[in-house]
Amino acid sequence: MIVTLKISGKFFDDENPTNLEIIKKSVLSLLNSGHRVAIVTGGGGTARKYINLGRKAGIKEAHLDLLGIWASRLNAYLVAFYLGDLAYSKVPESLEEFIEKWGYGKVVVTGGFQPGQSTATVASLVSEATNSDLLVLATNVDGVYDKDPRKFSEARLLSRLSTIELKKILELTQSVNAGTYELLDPLAIKIIERSKIKVLVVNFKNLDKLLDIITGNISIGSLVLPV
Amino acid sequence: MIVTLKISGKFFDDENPTNLEIIKKSVLSLLNSGHRVAIVTGGGGTARKYINLGRKAGIKEAHLDLLGIWASRLNAYLVAFYLGDLAYSKVPESLEEFIEKWGYGKVVVTGGFQPGQSTATVASLVSEATNSDLLVLATNVDGVYDKDPRKFSEARLLSRLSTIELKKILELTQSVNAGTYELLDPLAIKIIERSKIKVLVVNFKNLDKLLDIITGNISIGSLVLPV
Amino acid sequence: MIVTLKISGKFFDDENPTNLEIIKKSVLSLLNSGHRVAIVTGGGGTARKYINLGRKAGIKEAHLDLLGIWASRLNAYLVAFYLGDLAYSKVPESLEEFIEKWGYGKVVVTGGFQPGQSTATVASLVSEATNSDLLVLATNVDGVYDKDPRKFSEARLLSRLSTIELKKILELTQSVNAGTYELLDPLAIKIIERSKIKVLVVNFKNLDKLLDIITGNISIGSLVLPV
Amino acid sequence: MIVTLKISGKFFDDENPTNLEIIKKSVLSLLNSGHRVAIVTGGGGTARKYINLGRKAGIKEAHLDLLGIWASRLNAYLVAFYLGDLAYSKVPESLEEFIEKWGYGKVVVTGGFQPGQSTATVASLVSEATNSDLLVLATNVDGVYDKDPRKFSEARLLSRLSTIELKKILELTQSVNAGTYELLDPLAIKIIERSKIKVLVVNFKNLDKLLDIITGNISIGSLVLPV
Amino acid sequence: MIVTLKISGKFFDDENPTNLEIIKKSVLSLLNSGHRVAIVTGGGGTARKYINLGRKAGIKEAHLDLLGIWASRLNAYLVAFYLGDLAYSKVPESLEEFIEKWGYGKVVVTGGFQPGQSTATVASLVSEATNSDLLVLATNVDGVYDKDPRKFSEARLLSRLSTIELKKILELTQSVNAGTYELLDPLAIKIIERSKIKVLVVNFKNLDKLLDIITGNISIGSLVLPV
Amino acid sequence: MIVTLKISGKFFDDENPTNLEIIKKSVLSLLNSGHRVAIVTGGGGTARKYINLGRKAGIKEAHLDLLGIWASRLNAYLVAFYLGDLAYSKVPESLEEFIEKWGYGKVVVTGGFQPGQSTATVASLVSEATNSDLLVLATNVDGVYDKDPRKFSEARLLSRLSTIELKKILELTQSVNAGTYELLDPLAIKIIERSKIKVLVVNFKNLDKLLDIITGNISIGSLVLPV
């Protein structure tokens, strides 16, 4: 099985290495069971810091995006170096370079590719290019809810939903003003649908149970099925 | 003034060099008046041929997109070599490489950058990265109509419209099934809006009048204003 | 055994994937028997289209050659993507890059390297650099004839000949005006001779029997022995 | 005149763009007077954050250095993007790449090059390769003192000193345990001496007066003369 | 005017820099008169040393050629560094890279490109790609003779000849066994002919008079005209 | 076990391939016992020739160092090509590239990385990045002596010493004027100490006994222990 693992940048903002250990434990369990793993890292606090500073200084959008991309690559290097021999030591700077390096058989860790593109889109492109069976979105909620759980106490976690359902929920729960799709933006969903990639939304804290989830031993998080 | 010129791939399907001559004439007139020009080429019939063949053979979507991208780069090389000393001789393979080469002062001609991305999105990213004043979409219609001119004889060419109006029209006139946005897809519009780039939709045959259009001497095509 | 397979560009002009399937079947049978395979693709109809268009437009010879090379690389990407995990996913752009990628153990597919050089020369350089035991020229005739079979009905297929004999035949059967050596140009023969590479000229349709030919089970095509 | 400007990473830790403005003002005044400028940036707080996190996680020294180098490159991108057209948009990753890009005539901004090497050594190598007349070390003290000013109130700022004197002072004032040479490490001094590069140690806040200092109009900071 | 200058590797075997000075003087005189210059260097004694050692050790032909190419690149770096700001500081490793760098406007110095290719062929490809008006072969004889001047005292220097005449003379005067064409091999002549490049064969010692020769003020060496 | 092997450039000055054979024999014995090997080559006589010529011609220090680096890369290519399939065929040009290539599992052979850096420092960086258990310095003496053996007949070979002892001996035995540390310069020792790398100084002629030395079967040369 091939698994693409998208890790939100916020998990690298911590000062202690617990999160790195969770990632490694999860990756090792997958590799040891014969699966292959690709990892996509977000930019997190470092990205935010440089983008904010750059915006105040009047740097334009495309270049602000590039600062965020370089920050996400810094996180990717952190993960790649921590994984050591398990991973390819160079962070690819485009999907074509990713595909090339993926051919060597190791874990490949990547940050962003180019301006105007969310980490979720990068993760869906990587899933598609690696022919992944599953795209895992490690986030800080337990999965996809039918309503925004921060506003509605009766919100219910959906253990299974289609991309069509997901799109409806995202339209309702995400602030249009914010302009940021926290889970999957339309382009990411489009790629997932065209290549029929399953998506698992799971709490980062549960990443160490990933092998059990994949093998169907336990059911945690939300599974999104492409239509 | 900085101008990004997107040329649909179909204009390279012809067996005679008239279209190349139109492009060069247009570029030369802009350069001679002190403007800078970036060019984005589509894949056209060559892309279609390889994608069709690859799809029949069972090649996956991400790699089919790459075949289309390499075809668009072939068109870009054709234009770059035809422009000779006016243009940078290497076709960039990512936005970062584009930005780097753009710094040398010459015309830079590029094809696609990566899978899951329309030529229109590439053109809007290039417009943004070059800080373009205008993105010119050279197409085979005379501009944007209020209705699909192929279906409604009373369709009226709009000489000026906002991106909001454009989005409404695109939703109505473009076949949802086809899944292809001939002019601008949502991501392209989003980039245009965030960086406030003006877009001129113009018939390819009128490209040689581009300098006159830009300087306001004549009014041809449709001008789309970002909101 | 190491085999370099040169495939004329015309086999990619077809609209259906039969030829790709023949190539894959042939490659798979070789790999499964423990052999290694390098593939060199010609530019075919796509190359011709761009070269013709470029020539009419006044583009110079070196750059026309580059257009043909990029077309041959498009064919190489088609083959590499179709072979999937069996092949290295990036098409090398020089012999040095080829050698580097060859070290990874997979099939490497390459198009042309540089202007002023036939695909046959590329294939002979690749044969030499990979230390190939055999260079297979897949073509649309059944082998080398003592006379031009299109003109002389009594022309006889030679199942075995030396490079000296080949040179004599090429001088006689190939139109000097055309300036194109369909099989092997002098530089290609020189390289074959200096590194003592055997050459098999075989009909593309018989490529799926390549393993049997190599192992000596059947005798098809013409074997050219370097002197 | 050619000037290499080394900017300590701490000047990028601020949340507001004042420091970027000081750098730009200084660079612009130099360029407008016909000088050329190379910039070397340190890693600052971002480097420290990733190195600390990586060290806790057990990543080895060479790779910790690489994390610091990538952080310094992030700072370099920030400066390069802020300088816009004045600077080359790509941050070089080795001295050879730096030299190549320097040939294009623009400001080149670089972070670190490789493990085991201080930013000061990078700056001295860049000074040497660009044939710089002056290496400016922008720091948070006013120059070189005869004693550690943090410990001795009678410490006196030296407006002029030789590299031999500097070495003696560094041995006395810098903590051996710390193992970090804040100004110039022995290798940096060796390079400065072999290529006879003058060094100006100046308070970052005074960078905007750099042109006046260089032209001898005012005397601020400490000038270190190679012997 | 654009001039490609091929300098035999033997001129770098000397222990003193006189030959470098001749090259620089010649290049400077051309640049100062508004001409552009490309330089191709041979491998000389360094190439011979490594090829001999490698051959004794059993290294194969393609890789021996690569050793010779790297030696010629060392000579190219020597010339490029000596020319300083006049030249691009990186030696291109393929014709495509050469073309790209040539676009920046400086002198580009290159060694060999790939195995199986003489320096003369490299020089003719460079002449073609740069659209050179003249290819200058700086050698240790005074030009082309009607007979081998080392054997026949009555041999006459030809001040003007066609490529057809040259081919005849080369066939007669050059040892077939040696297998090395000292001036121009068949592929080099083919390229010269197809792109109509004039060739000047001149004694290296007279390179400093090159501007006078080009402008027709004096007549030295042999001018070979393509047919 | 991982072993980094530093081979002084002088061992490539010989006209016969004996030294190459010693290297291959040594490498093969290590690989066959399951160890991994990295090789760093010096520039030797070729470096000296180009540096001398360049210095007479007035080329600056940074660029003279680059000529020496390119000469050391030529030696690295010689070794890599001679090792054939055992080694990666491309010589890395920076530590980051080295690390990337090292991930593929083969022997990686490298020359110098950048100006201002001894081959010993390169070797210590490579040892650190590969997490080597041992750095072997193959030289033309039998090990480290307590006094300079060329001056004092009573000089005694030290079979074991600490880096502190080594530093004292180097200060005494090496000519300060010369400015060259034949064994290990201060930066190299600093890296060895921070990453706790053991160093074996051994006569090049004994390289073929390396496996026996490593496994403790015989004791030859001097073992330097980091403190």
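Each chain carries a letter (A, B, C, D, E and F) given by its place in the written order, and its residues are counted from 1.
Convention: a contact is a pair of C-beta atoms (placed from the backbone, for glycine too) under 8 Å apart; a residue touches a chain by one contact, two chains touch by 3 or more.
Everything quoted here is computed from the prediction, not taken from an experiment.
Touch-path distance (fewest steps) from chain B to chain F is 2. The set of chains in contact with chain B as well as chain C comprises A, E.
Relative to the C-alpha centre of chain A, the farthest chain centre belongs to E. Look at where the CA atoms of chain C average out and do the same for chain D: the two points lie 55 Å apart. With centres set at the average Cα position, the gap from chain A to chain B is 31 Å.
One simple way to say how far apart two chains are is to compare their mean CA positions; for chain D and chain E this gives 43 Å.
In chain E, the residues that reach two or more other chains under the touch definition are 63, 66, 96, 99, 104.
Viewed as a contact network, the protein chains fit none of the simple shapes, being neither a path, a ring, a star nor fully connected. Applying the touch definition to all chain combinations yields A-B, A-C, A-D, A-F, B-C, B-D, B-E, C-E, C-F, D-E, D-F, E-F. For chain D in complex with chain A, the residues that touch the partner chain are 12, 14-17, 20-21, 46, 49-50, 52-54, 56-59, 63, 66-67, 70-71, 73-74, 77-78, 81-82.
Residue ranges on chain A touching chain B, taken from their complex, read 60-63, 66, 93-96, 99, 113-116, 121, 124-125, 128-129, 131, 186-187, 190-191, 194-195.
Residues 85, 88-90, 104, 106 of chain F are the ones that touch chain C when the two sit in their complex. Looking at the complex, you find that chain E touches chain B at residues 96, 99-100, 102-104.
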